[in-house]
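Heads up, the thing below is written out as structure tokens.
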Amino acid sequence: MQAVADPLLVVLLLVNFFLLGSSRLRALVSGSAAQGTLLALLVLSVHGEITWQAIAIALGTVALKSVVIPSMLRRAMRDAAIHREVEPLIGFVPSLLLGGLGTGLSLVFARTLPLAPEHVGSLLVPASLATAFTGFLLLATRRRAITQVVGYLALENGVFVMGLTLVEAMPLLVEIGVLLDLVVAIFVMGIIIEHISREFSSIDPERLESLKE
Amino acid sequence: MGRQVTGALSDVAHVAAFLLLPPLLLGVINRTKAAFAGRVGPPYLQGYYDLVKLWRKGSVFSTSTSWVFKAGPVVGVATAALAAALVPVAGHAPLSFEGDAILFASLFALGRFFTIAAALDTGSAFEGMGAAREATFSSLAEPALFFGLVVLGRLARSLSLEAMLTSGNWPPRATASLVLVIAALFIVLLAENSRIPFDDPNTHLELTMIHEVMVLDHGGPALGAALYGASLKLFVLAAVVVGIALPVPHGSPWLSWVALLAGLLAVAVAIGVVESVMARLRLVHVPSLLVAACLLSAFGIVLLAR
Amino acid sequence: MALALVVVPLIFAAAAAVMPSQRWRPWLLPVCAAAHLAITLAALRSQDVAALGGWLKLDDLGRLVLPIASVLFFACSLYAPGYLALRPERSNRVFVPCLLFFLAMNSLIVESQHLGLMWVAVEATTLASAPLLYFNHNARSIEATWKYLLIGSVGIALALFGTFFLAYAALRAGLGTSLFFSDLVREAPRLSRPWLLAAFVLLFVGYGTKMGLAPMHTWKPAAYGEAPGIVGTLLAGALTSCAFLALLRFYRIVAAGGEAAFARQLMIGIGLLSMAVAGVFMARQRDYKRMLAYSSVEHVGILVLGIGIGGAGVFGALLHLVNNAVTKGVLFLSAGNIHRAYGSKSIDDVRGALRRLPFSGALFLAGFFAVTGSPPFGPFLSEFTIARAAMTSGQAVVGALFLVMLAIVFIGMGGAVLAVTQGEPPPSRREGFRDRLDTVAPIVLLMAVVVLLGVYVPAPLNALVLNAAAFVDVKP
Amino acid sequence: MTFLVASLAVLAGSGLIAAVLSRWSRLSTAAGAAGAVVGCALALRPALAALLGEEFVSRWRWTPPYGELAIGLDRLSAFFLVPVLVLAAVAALYGRSYLLAGKRRPLGPHALFFNLLVASMVLVLVARESMVLLVGWEAMSLTSFLLVTFEHERAEVRRAGWIYLVAGQMGAIALIAFLVLLIGHAGATDFAAFQHMARPDPWLAAVLAALALMACGVKAGLVPLHLWLPEAHAAAPSHISALMSGALIKIGLYGLLRALTFLPPAPWWGPALIVLGFIGAAFGISQALAQRDLKRALAYSSIENVGLILVGLGIAYWGIALRAPAVAALGALAAGFHLWSHVFMKGLLFLCAGSVLHGAGTRNLEALGGLARRMPWTAAMLLFGAVAIAGLPPLNGFVGEWLVLRGLFAAAMARGGAPAIAAMLGIGALALIAALAALCFVRLVGIALLGNARSEDAERAHESPAGLLGPMLVLAAGCAALSLRPAIALAPVASFAGQLFGAQVAAQVHALSPALTTLGSISTAVVAMLIVLGAALAARVSRPAAAPPTWDCGYAAPSARMQYTASSFAQLATSTIVPPALAPRPVVEKPRGLFPAPAAFRSEGADLVAARWYEAFFARWADRFARLRWLQEVALQAYLFYVLLMVVAALAWSSLRGWAGK
């Protein structure tokens, strides 16, 4: 089981770097969809035996994170008719470097944490920390609203990967609750983006500066 | 019973003397000034003639005055009379209690309050000027008077004028501070009664006056009362200065009365001499002289407590 | 009964969503609020209120927070029809259902024993309040909603991360990974130490963001500045209390695990920081609604500071939870009235509220005196208890700083409130709004509660606070 | 005890009724005033009984955060309660007719706040437990703030109200700190526990004394903390300024005395209070000289009188330290007597100022004049009050002055060396202050009442109705009683001094009664003499020959503008006696350029400069805070960065602790 998870996690880290590096919105959205599918595979691989519960969660994840949400984001992009990410606050290369540094740090930090016996060698915890940090980085450095949503998604995925280590802690009902919340959050963000685009005729949070002290 | 009767009689005599003699003091002062100037000068009893003349004249009150204007001279006379009753002669004062020195100083303040109010009541610029000057300069004179009283009180270990002015047996080390106090009180005497270094009593240029300009608009009996009150105030303050300068031992009352009158005569002559020798100070320097008087008596205190 | 507390509002929310008439829909609010309050009172009287096999249970802490949320919602629901009638141009088709859904989720947070379920409920309140904030449909409210949503969601994601860390701490210690509150408290001493501390930090930051503690408070001025009065009250009064409840649950676990000292130091630090930030940013504040937001940041800081001080401070903090909720209700609703009457939120155009709106102006001024801790009102009692606890438990420096911060906030806030209430009102452009019974009565009701809490704390409430304090402040 | 609770209930109830009936002004003010008078009467009975020794403390349990509440009356509280109640009742009656005659506005809330203010003052005086004291103290601040800002449409009233509120809050914070430290040390919140607690070590006692001085100093108007006093008194309606100056300030002194009873007596208290008193008196009177507003001058005179009372208290504590009960008795009698007489004098003066404002429409001395002829009763009483407060013989102000001077002298006699010299020099300084007070009040009387009217308003001044004159007469009668029979105040002062300074001092106070009776008889003698001489002179000048305008050295057309004005009268004094730092500073805007541009000349009192210093301090800090504002105005991403920073910092700290802990 361990053997299958680790390569998937390495691919996940690569996708993180892809998200950090890419400047085209369409690439970002498809990257996020890729992350969704990767998570679904991880769910199956981590669960020892393939129970119907694991299948349900995997299917739910794929359906939501790889199909529903990306389509919504693409529709929002079509409405606002923009494709390129404006120059981020700290530039693409520095954000990539920061991403790398973050991944390194999370590997080091994970080693200091006393892991449970079955996770000692595994990449699970460091990967979740790295993905969460990437999500945070995207949120804190990108100008476009859609990129920030993708960043928030990456953060959620990071947390989700951490959730995988605790198989029976999160019963199905709560798992579904978490997924539902995520979807509704993205859905509401989508509506807000639509209104922003109508109001400001562009959707970079830079314009959202009118609330002064 | 006999002793109370004689006591009462001596009190009545004391008050009568203090009420009758003051205009005479003015007469002596004017005669000394005349002698200095080589003039014959007005008769000694001129003061009494003026009072009688004014008592018989009619009085005129301006439209802008109120009852306070009439009250001015009345309060002046009343407070000076009561202060007179506090001054001891021959070891006894008609009215004395612990702390009457403070009452003595405050009575003059009350008189001054109403005189100033009466001056302001007329609504004339000159009276206002006199009132402002009087109020400021007397405020500076008060501390000098109180420091003097405190020195005496410290020596007599009590705040009653009677005890202060009749202890007589002052320790030799106290003479230095007593001399300072006498000098300070003499300056206060000159300041309070509009004598030369501070104010010229018989000038007619209102801009320079302090006291005369405050009674400018009084006429007839009111003016008489005002002048009489001023002279009584001069007499009482002079009596206090003499009480310090000539501490007569308790001996016979006659001897102390004679000493008091002689002292008063000397003070009157001294005032006359000072008025003839000095010219009126410029108004700006008056405060500094008064502060000097305060420092003199304050230094007296410091010397005493050495 | 426990389930009813959540399901009844949901049913009403569904009904409201379906009901077509714009005029009758707001009246659902008072009906549902009354029902909810009745159930709450019934729940308080009965001993153990549980449902779904222990998933929903009203424990001592919940017994204190639930009535607060319910009473506050009841007052807002009385205010809502009058207010919404004034805003015919805005459709309340989304507004009313979201309010009811908000109440349902609040009840769920208070009752859920499973920390994951609690997380879902808190995230749901965030999503429910987004459309509430967006009620005014103008550029400024979009920006406020976007900031609120994004920072809120990021905070909540960190909270989920912390919850997983907590579960992992149990896993690491070789126990079964269960996120049930009672299990975690029982197992606490054996949880692995570093995971527990890391989990508490993440949970503190996550739920601290929902409470609006500094430095995670940055969304508050924008959100409360643009939200209508009702939403401001519910966010500042009800939601903050529920987030504080969640925080106390995790503090309870960490305290049981023997790490209370670390948690209390963190709380004192963040508490004082929040009060300082409030004091600093309230100086020369031109917008009286943003000022109320900073006042909320300050009082959230006081809550956390009280817990941090410990001992009688915990009792003070929990009593302050009640006082703060009710006082915020008075302030936000009366500020809402003033905003309706003057049509502007900046102090430069709003003057003479006492003359123009005698009742709302007077209530706003009284609310200011209450919120800055003047004796005849509730908050004074709790703040005095906290100050006393600080001084007597040897933390004199913390006590002194606390009093100084209160003074700074008083001066900062006083300038703005007096500018708004006193003086001659400018010639009014909108004649429409006058103080009316239905927009003032609920505020007077809340004000009566504030004054009552200041003078005489009724015995049942006192028992509730004592039990809650005993529940939270466990002596390791 | 039941009377006290009944009185508080009546006050609160009548206030609420007045608020409810707010639409019918006459009815609601009547209800308010009646409630106030009945409430004060009800409370007066137990207060007088307590003065005669019938002390009581009653406790009852209250809900937890309060613990056990306790109120009670002992001689110290009763001594302060009696004058406060009398003044409150009089002010209530005066207030009713004063406000009804004023601008049409709803008076219900005002009556409610007035009654609540009186109730909170009573509560503070009877509090025997820190929570009750705090609730009463802050309620007193709030209600008096709401009363001061009654006419808040005027900008200077709002400014005065704001300064008052901030000062009140600073005082309250100091009081909370004081009480919390005491509770921490004594373990209970009850005053009895404070009295019997273990001796705090010296530094804690010093900190407690400093906090008490600051908390009560703000309320009593001690000099560095006095800033709100002149502003609030000038802005408030006159009966409120009377109540604040007469009662509120005294409660500040009561608070100080009550706090000092908790602490072990330190030898430095006496001299410290005397020095504070002198500073207050000198500063107060030097400012009062230069004021052109009648009520601001009276407010500064209150600061001076508080200074005198403090000197009296200082002498009392110094006497205790020197173990000389005679000196302590003189100090206590001076402070106690002057406190009672100041309540009546200052109350009367403020009510007269209200009557002048009502009659002549303005408080600016430069626009008044000749009111003695147009408002005879008000003028007579204002003159009566002025003579009293200037400390001139026949009236009660002099008795207070006399006792303080004798106290200083007795203290000087009790000990040789430097303190004796200081005390004796103090007597001279006090004489100067008294003289300046006389100057200040002769200026007020002379400019406002006498001479010719300086403006049309003063020209058309009319006497106030009986509703205003009645209460003023009551206060004047109080002053007259204290002047002619000072001994009536002896018993209350003896009981008050007995509790504070011990039985020996009380005995010495009783020993002073013959001195007071002589003073009383002398006052009566002075009054008699004045009447006799006045009648004689009046008889003599009964038929004035003619009534021309003032002679004025032959100037044919005298006008009111030729008279001395308030500032010119004081100019000589402020330029010679008052040090330049405290003297009023002219602010001149010279006309610039060829054509006559607007120019202005204003002379600002020293206090305005001090006020500007406080304001500059707050403004500087507000600017510093405002400069931090960019932290909030950054982009959304930065907010998220704050959250990230917080997480990383807290995680690092927790792991550090983890390693350190292991």
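Letters A, B, C and D mark the chains in the order given here, with residues in each chain numbered from 1 onward.
Basically, a contact is a pair of C-beta atoms (placed from the backbone, for glycine too) under 8 Å apart; a residue touches a chain by one contact, two chains touch by 3 or more.
Every value quoted in this text rests on a predicted model; they were computed, and no experiment measured them.
Chemist: Please list the single chain whose C-alpha centre lies closest to the global protein C-alpha centre.
Modeler: Taking the mean of C-alpha atoms per chain, the most central one is D.
Chemist: Identify the chain pair with more contacting C-beta pairs: C-D or A-C.
Modeler: C-D
Chemist: On a C-alpha centroid basis, what's the spacing between chain A and chain B, in Å?
Modeler: The separation of the two C-alpha centroids amounts to 102 Å.
Chemist: Measuring from the mean C-alpha position of chain C to the mean C-alpha position of chain D, what distance in angstrom results?
Modeler: Comparing mean C-alpha positions, chain D is 43 Å from chain C.
Chemist: Distance-wise, how many Å sit between the C-alpha centres of chain A and chain C, to the nearest whole number?
Modeler: Roughly 31 Å, centre to centre.
Chemist: For chain B and chain C, let me know how many angstrom lie between their CA-based centres, rounded off.
Modeler: Each chain reduced to its C-alpha mean, chain B and chain C end up 79 Å apart.
Chemist: For chain A, write out the residues touching at least two other chains, lowest number first.
Modeler: As it turns out, chain A has residues touching two or more other chains at 112, 136, 139, 205, 208, 213.
Chemist: Residue numbers in chain C touching 2 or more other chains?
Modeler: Correct list: 146-147, 150, 154, 194, 198, 221, 281.
Chemist: Which residues of chain A touch chain D in their complex?
Modeler: Spelled out, the residues of chain A in touch with chain D are 89, 112, 136, 139-142, 205-206, 208-209, 212-213.
Chemist: State the interface residues of chain D toward chain B in the complex, per the touch definition above.
Modeler: Residues 369-370, 372-373, 379, 383, 387, 390-394, 398, 401-402, 405-406, 409, 412-413, 416-417, 420-421, 424-425, 427-429, 431-432, 434-436, 438-439, 441-443, 445-447, 449-452, 515, 518-519, 522, 525-526, 529-530, 533-534, 537-538, 540-541, 543-553, 558, 560, 562-564, 568-573, 576-577.
Chemist: What residues of chain C sit close enough to touch chain A in their complex?
Modeler: 114, 116-117, 119-120, 123-124, 126-127, 130-131, 134, 139-140, 142-147, 149-150, 153-154, 157, 160-161, 164-165, 167-168, 170-172, 174, 176-179, 192, 194-195, 198, 221-222, 225-226, 281, 285-286, 290
Chemist: Going by the contact rule set out above, which residues of chain A touch chain C in the complex?
Modeler: 112-116, 132, 135-136, 139, 145, 148, 152, 155-156, 158-159, 162-163, 165-170, 174, 177-178, 180-181, 184-185, 188-189, 192, 195-196, 199-200, 205, 208, 210-211, 213
Chemist: With touch defined as at the start, can you tell me which chain B residues reach chain D in the complex?
Modeler: Touching chain D from chain B are residues 55, 58-71, 73-75, 77-79, 81-82, 95, 97-99, 102-103, 105-107, 109-110, 112-113, 116-117, 119-126, 128-129, 131-133, 135-136, 138-140, 142-147, 150, 153-154, 157, 159, 206, 216-217, 220-222, 225, 287, 294, 297-298, 301-302, 305.
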